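Next, two complexes with subunit A in common: one pairs it with subunit B, the other with subunit C.
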Partner chain A sequence: MLYRVKKAPWFFAALILPAALVVGFLILYPVINGIYLSFTDASPLRQGALKFVGFENYTYLFEEEVFYASVFNTSFIVFVSSALAVIMGFLIALLLHFGVKRFAPLFRALVFQVWVVPWICVTILWGWMFNKEYGLINYLMTATGMTETNMDILFDQTGAQWVMIAGFTWRSIPFLMVIALAGLQSISTEIIEASELDGARFLSRIGHIIIPMIRNVLMVALLLDSVRFFQEMTLPLLLTQGGPVNATMVLSLFTYQLAFENWDFALASAAGTVWLVFIIVVAWIVLRFGIRKEHVK
Partner chain B sequence: MAAITLTNLFKSFGPVEVLKDINLSIADKEFCVLVGPSGCGKSTLLRMIAGLEEVQAGTIEIGGETVNDMRPRDRNLAMVFQGYALYPHKTVKENLSFSLKMHKYKKDEIETRVQKVAETLGLDVLLGRRPGQLSGGQRQRVAMGRAMVRDPSVFLFDEPLSNLDAKLRVQMRTEIRDLHQRIGATSVYVTHDQIEAMTMADRIVIMNNGVIEQVGPPLELFDNPANVFVATFLGAPSINLLEGKVVSDGEKLGVRLVDGSFISVPDIKSPLEDTSVLMGVRPHHLVVDPENGPIQATVKVVEPTGVETFVFSEFKGQEIACQVVRQAAPKQKDKIRLSPTKEGILLFDKTSGERVI
Partner chain C sequence: MSIKPSSTAFSYRKINALAAYTIAIAAFAFLLLPVYWLVVTSFKPIEDVFVVPPEMWPHNFTFKNYVNQFDLRLIQMFQNSLIVSGAAAILSTFAGSLCAYAISRFYFRFKSILLLFFLASMAFPVPMLMITMYSTFHQLGLLDTYWALILGNTAMGLPLSVWLMTNFIDQIPIDMEEAALLDGASPFSVLMHIVLPMVRPGLAASGIFVFVTSWNELLMGLTFVSSPEVRTLPAGITLAFLGEFEGDWSEMMALAVMVTLPVFLLFMIMQKSILKGMTAGALK
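Up next is the complex of A and B:
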């Protein structure tokens, strides 16, 4: 017998309940509570009842220079890392799919190992790579004569940002590669052969056929990845603490410091709320302009 | 001029030999159909002509030029794929113009050619749509248009109608044939459907297990098959094959069937005496002959198809089909006597399967 929602509403409610509870308590409640706290003076250092302060936290935030710096840095680092990760993941996928076809599963497994590396290890790895005294990058740069002496890249404002970008990108390439590879594999060989007969050379085939066909998949992967980057703070927290001169201060770290170093939960909630809105806007832009609906049946 | 000549072609995938010593000449402007059961190597052969499969041994010539190492784009041919292989993100117009663009045609040249092809195929109103918004028949037409737009010297078709429903298939069959007559480009058409082969081909190439069994115009293959395989492959219901032995009844030679009945065969020669044979008779060459019919059978199924009626009956544990006019159709379980017409008897050697008469 088939159950219908109208005939047995309670049965269906019971089925949905567990999921609704989990989503409600673990996702919706914290979000709503966070928004609520951002309008109060909440702090673990303060005794007594919460006081409603209106938009005071937001006013304070929008007058704070570090906040603007972190919004800008976050956008820059996240945008560049995501773009690089998509491009490199796609290139590796192309190489695996059209180049080394035979061992593709093996290489895919090998590259994917990077995905399993914990962020803390990524931090240590890239920290050491760019280390002034013993780092591989410095060694290569002096050995090839690009620089005369070792540079303290992590203490350079632009340098530190690019170290973040390198770490983020490196960690995400496997994810993008797997997604891109799955996309490539979903294109029927007939279409590739048809384009070959139509006279498309390798590059035009990629530009005219392959990229347009997997573009939606890549866009979604890009979005997922940038949302992850938005949240990630292990790298800046452990490697640079947001320095030098706030060059690597990102929203996640900024919020964390407000909450657990300044113990200003209210202000942190305000920053978190702004951060949330920011991610929603970015996601909307990507989905609105990045995804093509016309050929999706 | 785009005659195709295949000489001593071999192809294997690992240990499996898919094509064994293929020799075939396809004349300029000919419509040649490769037909055979699945796995016989016909698609591989087509893909080798297209340049999508590597040639391991032998040569492929198109228009007198060896193309073995030429890339597909330089062979000046077009292919219609089984799954159409339209670019889903491009509109019909973009699909049609893609190959012209890739071959660096001028903009207004592209425009006129696309327009012309669209008109020929009745696609003018669909130019702005994407493949996802088209019906199966329309997609088929776009695939045809994409092949036509560049005026290639050779058309290759890889089972292009197998995804269409029966009615559309018949319609497209005529359309493709009609287009070929208008365009006149050399065409190689792969199918597993013998009706398609019979109705469309100038010449049929029947393949089996990687070898060519017989080449010839459709009716010639139908009337004069070289062996049992060709005889059974063409024609529906398929040819009746009755076991027997060539013997003499005292004055003339004939075939004695398993039930002991004797059928005289006029052209038979004495060296064949005592050989075991398969006597092939097509259903329309078996007539009901109540008095003298040597083959006595019991009717199992009667299948009226409208014009003619097929009668399937049992003869010594074997099914035997014959074609009668509907007024004369017997009923189930009737005992009937059948007699093959003189010109309808084909004899095949029982062991080799080769035709002896």
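Up next is the complex of A and C:
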């Protein structure tokens, strides 16, 4: 360490201050205030002082069917798309690292660009690709004989969920591929060569040597990605408005609509608090059971 | 009459390589197909969009869809998005790198808790944060100004900036700073003249990350501002365009290409630093 706070207090304060102001006013205070508001009847439409209502918002939420639907849909969509993205990202990284090593940087650079396509554009594009009469997906599905007639995928409950999953997965495969590839590149070639000399077959090498070595990296990337999926709602907001019959109603959309369409800040805060607790539990489970301690520094 | 083992191994390797290339190309075609489809549709006249089977290549190539986009409203929204994303990128990188320097070079208790907090804060429900932000901005009279969006996006980007910059600063050796301090340089000038020039790729990566996420941001754009003069692209497209465009898919694709292009190019130019920052952080 170069400095100690006691030796250079003003320098330390000057470094920390800008970030502390932003975080304090716009992250930390809003979280604490949000949890507080969830126990009140806060709403910009209501006049007069805040009333403390105890757990009323929570009991209301837990009697609401849409709320259960949104928790379930969020878990389903986030879980399936993260799993698909991590598996496909890993497979592509393997292919690049062991199969087409020479072109790996080019392929990586090309695919990584997908990661910046703005969600609003993904939404427009998805609307077009899944269009009933002229969409590419319907064309491909009927042409290959998967379906007999064109389907209105966005108006089908399961279909709409899979459209969301397709969007989330597609946009985050590049991220997981890049992380997995970096993980693979960090494994020393000696280990791989030694296992080759031991006569380990390719699949067992992957299962017994490679996956255990980059497992933690993948787990952390997976967690970061699922956290982002929890927040992302451009796709369901614009494409399906949570429908059909709440099939794509996710927690973020539910909370947002409560807050800024119904202007019920209290209920939205309660939903946000449940969401926060939920994600803490998920993160804890992933970190507790997904991460191997011996690899952590 | 048997084939020599070495030549079998050789041909096996050849087949393996061929298979690997085929699968790789197939996988990439699959991943890039949506982007291809976006671009191709944007160059088709509207009559050619509604045909079955779809045209895989625009036979009547046209720029009309792009030319039609240029109206004052769209230019205004582009300008707003540029201002908001640019300012958020600068502010977040500025505050983030100072804080990261403190985290990397100071000894203090609660450091790991601080870093953990920054990581965890990326998971805080944004709509819930926005409730209090909305009230705060309302009291400060910042609603319906650039500042509401700039500050909101800065806050959303800051954890990432701190995290990225800490990784970058941790990687540079401490010796030069020590030597400069011994020579009597002030801590501030050490930071300005030694550290910051060395982490330029990090600053670029952080700036671009925040720029891209702010460019992408929809909810605050929909909520914190209401007049078209300050509305950003995602919100503007949501409110003004989606209804008007009803069915005119080729024009919508052209719009989508135009919205993607700035971040696409920025990201492409700086991909090296971004990759470095991301993978260094993830592998720790």
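By our rule, the second predicted complex is superposed on the first by the 272 of 297 C-alpha atoms of A that agree within 3 Å, B and C clash if a C-alpha of one lies under 4 Å from a C-alpha of the other, contacts with A are read in each partner's own complex, and residues count from 1 in each chain.
In the analysis below, contacts are C-beta pairs under 8 Å (C-beta built on N, C-alpha and C of every residue); 3 or more make two chains touch, one makes a residue touch a chain.
Only a predicted model underlies this, so the values are computations on that prediction, with no experimental measurement involved.
Student: Once the shared chain is lined up, is A:D198 touching subunit B (first), subunit C (second), both, or neither of them?
Tutor: first
Student: Does subunit B (first) or subunit C (second) touch A:I291, or do both, or does neither?
Tutor: Neither subunit B nor subunit C is touched by A:I291.
Student: Just subunit B (first), just subunit C (second), both, or neither: which does A:M219 touch?
Tutor: In the superposition, A:M219 contacts neither subunit B nor subunit C.
Student: Check the contacts made with subunit A and report whether subunit B or subunit C touches more of its residues.
Tutor: Between subunit B and subunit C, the winner on subunit A residue contacts is C.
Student: Check whether A:M141 is in contact with subunit B, with subunit C, with both or with neither, and answer first, second, both or neither.
Tutor: Neither partner.
Student: For A:I209, select first, second, both or neither according to whether it touches subunit B, subunit C, the two together, or no partner.
Tutor: first
Student: Who does A:I87 touch here: subunit B (first), subunit C (second), both, or neither?
Tutor: After superposing on A, A:I87 lies clear of both subunit B and subunit C.
Student: Counting only touches as set out at the top, which of subunit B and subunit C does A:S252 meet: first, second, both, neither?
Tutor: Only subunit C is touched by A:S252; subunit B is not.
Student: Can you list the residues of subunit A that touch subunit B in one structure and subunit C in the other?
Tutor: On subunit A, the overlap between the subunit B and subunit C contacts is residues 297.
Student: Hey, which residues of subunit B end up touching subunit A in the complex?
Tutor: 50-52, 71-73, 77-79, 81-83, 85-90, 98-99, 102-103, 130-132, 146
Student: What part of subunit A is in contact with subunit B in the complex they form?
Tutor: Subunit A residues touching subunit B: 188, 190-191, 193-201, 204, 208-209, 212-213, 292, 294-297.
Student: For a test of understanding, state which residues of subunit A touch subunit C in their complex under the given definition.
Tutor: Contact set of subunit A toward subunit C: 1-5, 8, 11-12, 14-16, 18-23, 25-27, 29-31, 33-34, 37, 44, 92, 95-96, 98-100, 103, 107-121, 124-125, 128-129, 131, 133-134, 136, 139, 143, 170, 173-174, 178-179, 182-183, 186, 217, 220-221, 224, 227-228, 230-231, 233-234, 237-238, 251-252, 255-256, 259-260, 265, 268-269, 271-273, 275-276, 279-280, 283, 297.
Student: Using the touch rule from the top, collect the residues of subunit C that touch subunit A in their complex.
Tutor: Contacts found on subunit C: 16-17, 19-21, 23-24, 27-28, 31-32, 34-35, 37-38, 41, 49-54, 91-92, 94-96, 98-99, 101-102, 105-108, 118, 120-136, 151-152, 154-155, 158-159, 162, 174, 177-178, 181, 187-188, 212, 215-216, 218-219, 222-223, 233-234, 237-238, 242, 249, 252-253, 255-257, 259-260, 263-264, 267-268, 271, 275, 278-279, 282-284.
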